[in-house]
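Chain naming follows the written order as A, B, C, D, E, F, G, H, I, J, K and L, and within any one chain the residues start at number 1.
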Amino acid sequence: MSDNKKILVIHGPNLNLLGGRESEIYGSTTLADIEKKLREFADSSHCMIESMQSNSEGKIIDAIHSAMGRFDGIIINPGAYTHYSIAIYDAILASGLPVIEVHLSNIHAREEFRRRSVVAPACKGQIIGLGWRGYLLGLQALLAEL
Amino acid sequence: MSDNKKILVIHGPNLNLLGGRESEIYGSTTLADIEKKLREFADSSHCMIESMQSNSEGKIIDAIHSAMGRFDGIIINPGAYTHYSIAIYDAILASGLPVIEVHLSNIHAREEFRRRSVVAPACKGQIIGLGWRGYLLGLQALLAEL
Amino acid sequence: MSDNKKILVIHGPNLNLLGGRESEIYGSTTLADIEKKLREFADSSHCMIESMQSNSEGKIIDAIHSAMGRFDGIIINPGAYTHYSIAIYDAILASGLPVIEVHLSNIHAREEFRRRSVVAPACKGQIIGLGWRGYLLGLQALLAEL
Amino acid sequence: MSDNKKILVIHGPNLNLLGGRESEIYGSTTLADIEKKLREFADSSHCMIESMQSNSEGKIIDAIHSAMGRFDGIIINPGAYTHYSIAIYDAILASGLPVIEVHLSNIHAREEFRRRSVVAPACKGQIIGLGWRGYLLGLQALLAEL
Amino acid sequence: MSDNKKILVIHGPNLNLLGGRESEIYGSTTLADIEKKLREFADSSHCMIESMQSNSEGKIIDAIHSAMGRFDGIIINPGAYTHYSIAIYDAILASGLPVIEVHLSNIHAREEFRRRSVVAPACKGQIIGLGWRGYLLGLQALLAEL
Amino acid sequence: MSDNKKILVIHGPNLNLLGGRESEIYGSTTLADIEKKLREFADSSHCMIESMQSNSEGKIIDAIHSAMGRFDGIIINPGAYTHYSIAIYDAILASGLPVIEVHLSNIHAREEFRRRSVVAPACKGQIIGLGWRGYLLGLQALLAEL
Amino acid sequence: MSDNKKILVIHGPNLNLLGGRESEIYGSTTLADIEKKLREFADSSHCMIESMQSNSEGKIIDAIHSAMGRFDGIIINPGAYTHYSIAIYDAILASGLPVIEVHLSNIHAREEFRRRSVVAPACKGQIIGLGWRGYLLGLQALLAEL
Amino acid sequence: MSDNKKILVIHGPNLNLLGGRESEIYGSTTLADIEKKLREFADSSHCMIESMQSNSEGKIIDAIHSAMGRFDGIIINPGAYTHYSIAIYDAILASGLPVIEVHLSNIHAREEFRRRSVVAPACKGQIIGLGWRGYLLGLQALLAEL
Amino acid sequence: MSDNKKILVIHGPNLNLLGGRESEIYGSTTLADIEKKLREFADSSHCMIESMQSNSEGKIIDAIHSAMGRFDGIIINPGAYTHYSIAIYDAILASGLPVIEVHLSNIHAREEFRRRSVVAPACKGQIIGLGWRGYLLGLQALLAEL
Amino acid sequence: MSDNKKILVIHGPNLNLLGGRESEIYGSTTLADIEKKLREFADSSHCMIESMQSNSEGKIIDAIHSAMGRFDGIIINPGAYTHYSIAIYDAILASGLPVIEVHLSNIHAREEFRRRSVVAPACKGQIIGLGWRGYLLGLQALLAEL
Amino acid sequence: MSDNKKILVIHGPNLNLLGGRESEIYGSTTLADIEKKLREFADSSHCMIESMQSNSEGKIIDAIHSAMGRFDGIIINPGAYTHYSIAIYDAILASGLPVIEVHLSNIHAREEFRRRSVVAPACKGQIIGLGWRGYLLGLQALLAEL
Amino acid sequence: MSDNKKILVIHGPNLNLLGGRESEIYGSTTLADIEKKLREFADSSHCMIESMQSNSEGKIIDAIHSAMGRFDGIIINPGAYTHYSIAIYDAILASGLPVIEVHLSNIHAREEFRRRSVVAPACKGQIIGLGWRGYLLGLQALLAEL
């Protein structure tokens, strides 16, 4: 039962630019659009979500820490930090919260270095390549688990 | 609108044993349970699904081929073939169908060799580590796309 | 003198789809077209050919085995199995027959993983990137050798 | 006490050709000879053995599955699949049966790629390079364990 | 014609210490000296430059974002982030601005890990090893292009 | 003689969570406990210590810079940045201060990626796996050197 | 229709020694023999061929350049340069001519370093291991294409 | 016929501690127990065995040398030297004796570095993971061969 | 003061074809155009330049040698030799002259093998991706240094 | 409470030469000096130490074995064996004693091969680069733990 | 008996500059000095030597070819070509002459890439790091062999 | 002038077996033969040599140490330790003596792992593949240097 569950949604570096350039990779949906869809879904699911975006690895870690005791789970799109931020991996592990990693594009069909997620082993699961719907599916999965 | 859409669900090697041994990794849900949930979901979504399981790489390729012109998309859990079957990768590419790759467990939190999917670049997306719900989420994503 | 020579032609996984999708890589010639050209060439060369296509590694190995004592040589396009089927490599070695490996497209100008053939060291030679003509050239070379 | 124990013996790809070509590597003993020796040994040990050979990865997996509940252990020579079949590795793990991997030749004194067994970590042990006697020794070890 | 062009100059981590220690590698010119030379050059070229220095990857990404629509191009010395910040690479790609990467020292004649720039593929070009003059040359090239 | 020496202690990402979760790896001592022990030790050694914790790579670099001219040495536990922050490595080199790297747990007995410290070559030494005592030993070594 | 087509045949380093030593690898046919066979074939095909042999990478590149506008295609056996001459690869790409790479011996059944052709991605195709006949087959394929 | 055959059994480094600590890996059988079983087996097989244990690579090499002309074969468990002692590999090759390598535990199911035996290519065969029985099986195989 | 300075400009393999094919990579400027711009720049800078182009590694080395004592510095675009000519690297080191390496295109945004310059550590600096202007900027930097 | 504790100190290969050559790396303190300091420290700590030095891997393993039941912990500087002696790693694991690995110099600031310790995962901790004081700090840590 | 033996001495790229720059690596002996010593040695040994130097890989190959039938052996210092010229390796193999590879400096104590000789497996032996004396020793060895 | 010079000759593992088995690699000369030739050469050169052979890495290190102050140089054939004994590398470095590494066979024409000498960078030079003469040449070079 997801009533009253609180989920933190974290958008990593460069995701604030979504819907602008490189739409052939990321689509034309903006971050505000995604936020709107997430909020509508949360309303209909009787859960609460809060979201933040940052280009700073340190602030993303701070956000994960701050979620401990205040949120029931996290949806995270770590952007480029996916591929090297062991510090975010450590933060997720230390938080003890269920975390779902979401990527808008199919990271396996792009540059070779995008195929490795250092964050993935600390997460519950990954949803990749399904665009903005990936966030809703992740939220749905997280609520179902809780 | 997903009415009348037809989706093929392919279960790769060893998935016929689900719910028996190694439940600490794969959970206790059996393949029949997953089939049942998929069918209920399909009914409520007014789409049709068909599924097959095989331990043979060749039969999985045959199944992908046979889906061309008969199905609108594929949900595939290639099991261990995920990690080396370039032939399945080629079959997915050649089929031209939207395919979503699903893994029950978090393949990034197990043996190192499970972290690489050779199939992934040919798929639309991946859903990893979310158990049997991953199939439903994949189906949902596929229908939404079509 | 090639009169009465018998050659087995083996088409590996996904080659049954030739001439359909991905024609920018493989061309628009179908497998039936290639078969027809091979048969015409065989007729004019007074040799006999037999061919089979399979998506199954095991059946390709069975076919190589069955050629022992019944055929004088093999033309094989192992498709994606080229890159990892040590079992087919072993079958070719064990057969003791002269085998020529053919690839329709230039496997060196595609994905990195296609550049390695594990089968090649067991073959007499390779013909790569010359389309359907590669089969005829391979047949010609095989007959000339015998 | 090995009375009434049932052991499945699985011979992988190309082993049907044993005793023919490449006898400098594999010796001149045929698969039928090995079968005969195994049966004589089984008789004298009051155990039952059943055996199968296949060139197909999928059928080998099927055989491992079918052994669950019907056999007490498995002797397997996975042939070339030894070096890449994660699917057979998974099948062995999933079966929960004690499995002994046997290789006729010293795989460490041949091509570099033969030195790695992806199957080995799922097995109880390995017997390598001891020819047909390796099967009898494996059977002996398996019975002693049970 | 470079009149009225606006260029952002970004100095990455540790560059605030220039001219102090390690002068055998970086020379004795301070960041203030470089700024002065850049400004004099900008004046004589009738362009405008603005510069920032930060030790924080996140702030460098913020700066690149903020340049969109406000600047015509970027000169960046990403310091140590050159070698691992895929997030800065992504920011440059997303900005759509022409960017020139500058390094004071010859990064190929130092530690092995300095030879790889993950940022370079997203830039228009690189100027390496030419000391403070590299900035002026980069500016010159950028203005010539615009 | 360590009288009047001033040492900066830097705690990297996620170390603010010490003593909470993952105590099987890091023990139950909190960062405050470590601070207290360090201060008692400093008092008895007639030196002064100051400490900071940050999850931000940039702020850690700022702290190292700010230590130049104000402190006689640094004790640093770079947390996960140990494994990829060339920028911190550069900052330590540029500072010219003696720095001792401390890790609470034995980084060699955990994930493979934790075995490499990119920071270590710039430090005077490393103390690994000795828990909170590592900090005191590091401080002791630093004072002895000065 | 191949009438009037002009083909340049380039023999790389050490091929002038053909038919002498190492005949167990390269056979006893000399370069003059191959030239003779090529000329006979050209005559019967109503095309013109010209050939050159050089041990110098630079002269081979010069030859490729000189073929632009004067020849309709190239048959090249780059000898050892196959494995490292990016300059020849560049020359082939720049020439815009269809080029077929020929190797007398099966380069996959010799030293490991011979298995990689850096030239291959720039060529139309490769014919490997078919001895002097490989040249005739290459010529045939080139004429058929034109 | 194994009457009068003499076999040297060599136990490598740390095997003197068998049966003490780490019994979850190596079992509780002591080296003395194994010796006893070997001697009983030798008695019943009418062969003679001699054994030695050493932690020193040099002494193991000395022992192999001393076996030349005095023994008919060697059973060796090289312990950790398995993974790096090219000197023992050379000694086995130089001795010309048939040697069987035995490992108590499944070296493929432990640390990655244990999966490679540098000694194996010089041996006749390997018996792995079958505990103390591995020694008896190795002895049996050796006697059968002689 | 650059008066009377003499600079040798070396153009490596395939650069004689500039401005012809592959203009999407290298632009439409011919080598003659670049020469003209260099000469105009040299005139206005009161320095003298001489240039040579060769497809031969040996002749490029000869040219570098001949520059010793006759020129004050070298601008070199080693073309494909950039990636493997240790001999040119050695020649530059041995010459003792300041050398600037220039590449027309961004070698980091093309094939992976183009990202490594074996020549770079022997040079003073590199200018990459700035087209023909790179030569002028290199000349400018060289003169400023002298 | 460290009263009556007994610690074995093991000095590996070449450490007998300390204080002689290569003092720029290892300092001018001799092994006798270190022994003296260790003994003074032990006296003041009311513990007992015994030490040995050997250039032989086997004797170091013997020493570790002999410490079982007779000592409470070990301080070891394995010298060059650090980087390849899996046998010493095994001995430490088998001993079950707490072991601290000490290196006089910063092994991370020397040759690349010195950066890997195969011994480290079996030890409790490491003290690196702190000269002879490293031994005293290690002893102190060991006593504090006991 | 070395009377009347004829030896070709080949000096590879950049060796014409010997005795000038980089004397800390190569010494101050010039190539003329080495030639003189070789000739004196040849005179006293009643053999004849001829020598050539070239910066061109192709000319070195030509020289090796020309030695066939005219010389009894070759002394070669392939300079930088040592590390990548498979074409020279092939030429040596094809020549069938005994060849000794000489390097003035210890190539193992310089850049990592100098440690690999691709030429060495085709030579009879190597003499490394013994300066100009290496040539005399090589000549001596060659004559002794003949 | 070599009068009165004292040289230590060290023969590594398995060299005591020289002249017996594997003569196709090492020749039929025994170690005693080599000793005799060395002594004759030493007599004629008015120098003194002493030699030792050991299969033990530790004893070889002891021997190198003992040479300090007593010998003027060392000739060493480290046998298989060549490829992994960093401890011998360290001993040579620490000894400060000029050392020449000798190998009887061409280590570059055998197994891949024999191509790397970890000892070489610490030596003055290497003589490889010249059989027993290599020792005499090494001695000659050493005396010439002293």
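One rule holds for everything that comes next: a contact is a pair of C-beta atoms (placed from the backbone, for glycine too) under 8 Å apart; a residue touches a chain by one contact, two chains touch by 3 or more.
Bear in mind the structure is a predicted one, so any value in this text is a computation, not a measurement.
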item	value
Intersection of contact partners for chain J and chain K	L
Cα-superposition angle relating the copies chain H and chain C, to nearest 5°	120
From the options C-D, H-L or K-L, the pair that copies F-J, where over half of the contact pairs coincide	K-L
Same-site or different-site touching of chain K by its copy chain L, using the half cut	same
Distance between the centres, which are taken as Cα means, of chain L and chain E, whole angstrom	54
Where chain H and chain J are represented by their mean Cα positions, the distance between them in whole Å	31
Centre-to-centre distance between chain K and chain B (centres being mean Cα positions), rounded to whole Å	63
Approximate Å spacing (C-alpha centroids) for the pair chain B, chain H	48
Junction residues of chain D, two or more chains touched	56-59, 84
Chain-to-chain touches, reported pairwise for every pair that qualifies	A-B, A-E, A-F, B-C, B-D, C-D, C-G, D-H, E-F, E-I, F-J, G-I, G-K, H-J, H-L, I-K, J-L, K-L
Chain L residues within the chain H interface of the complex	12-14, 16-17, 20-22, 54-59, 79-81, 83-84, 113
Chain C-facing residues of chain B, complex	56-59, 61-62, 65, 84-87, 89-91, 93-96, 118
List of chain J residues in touch with chain F within their complex	100, 106, 108-109, 115-117, 120-130, 133-134, 137, 140-141, 144
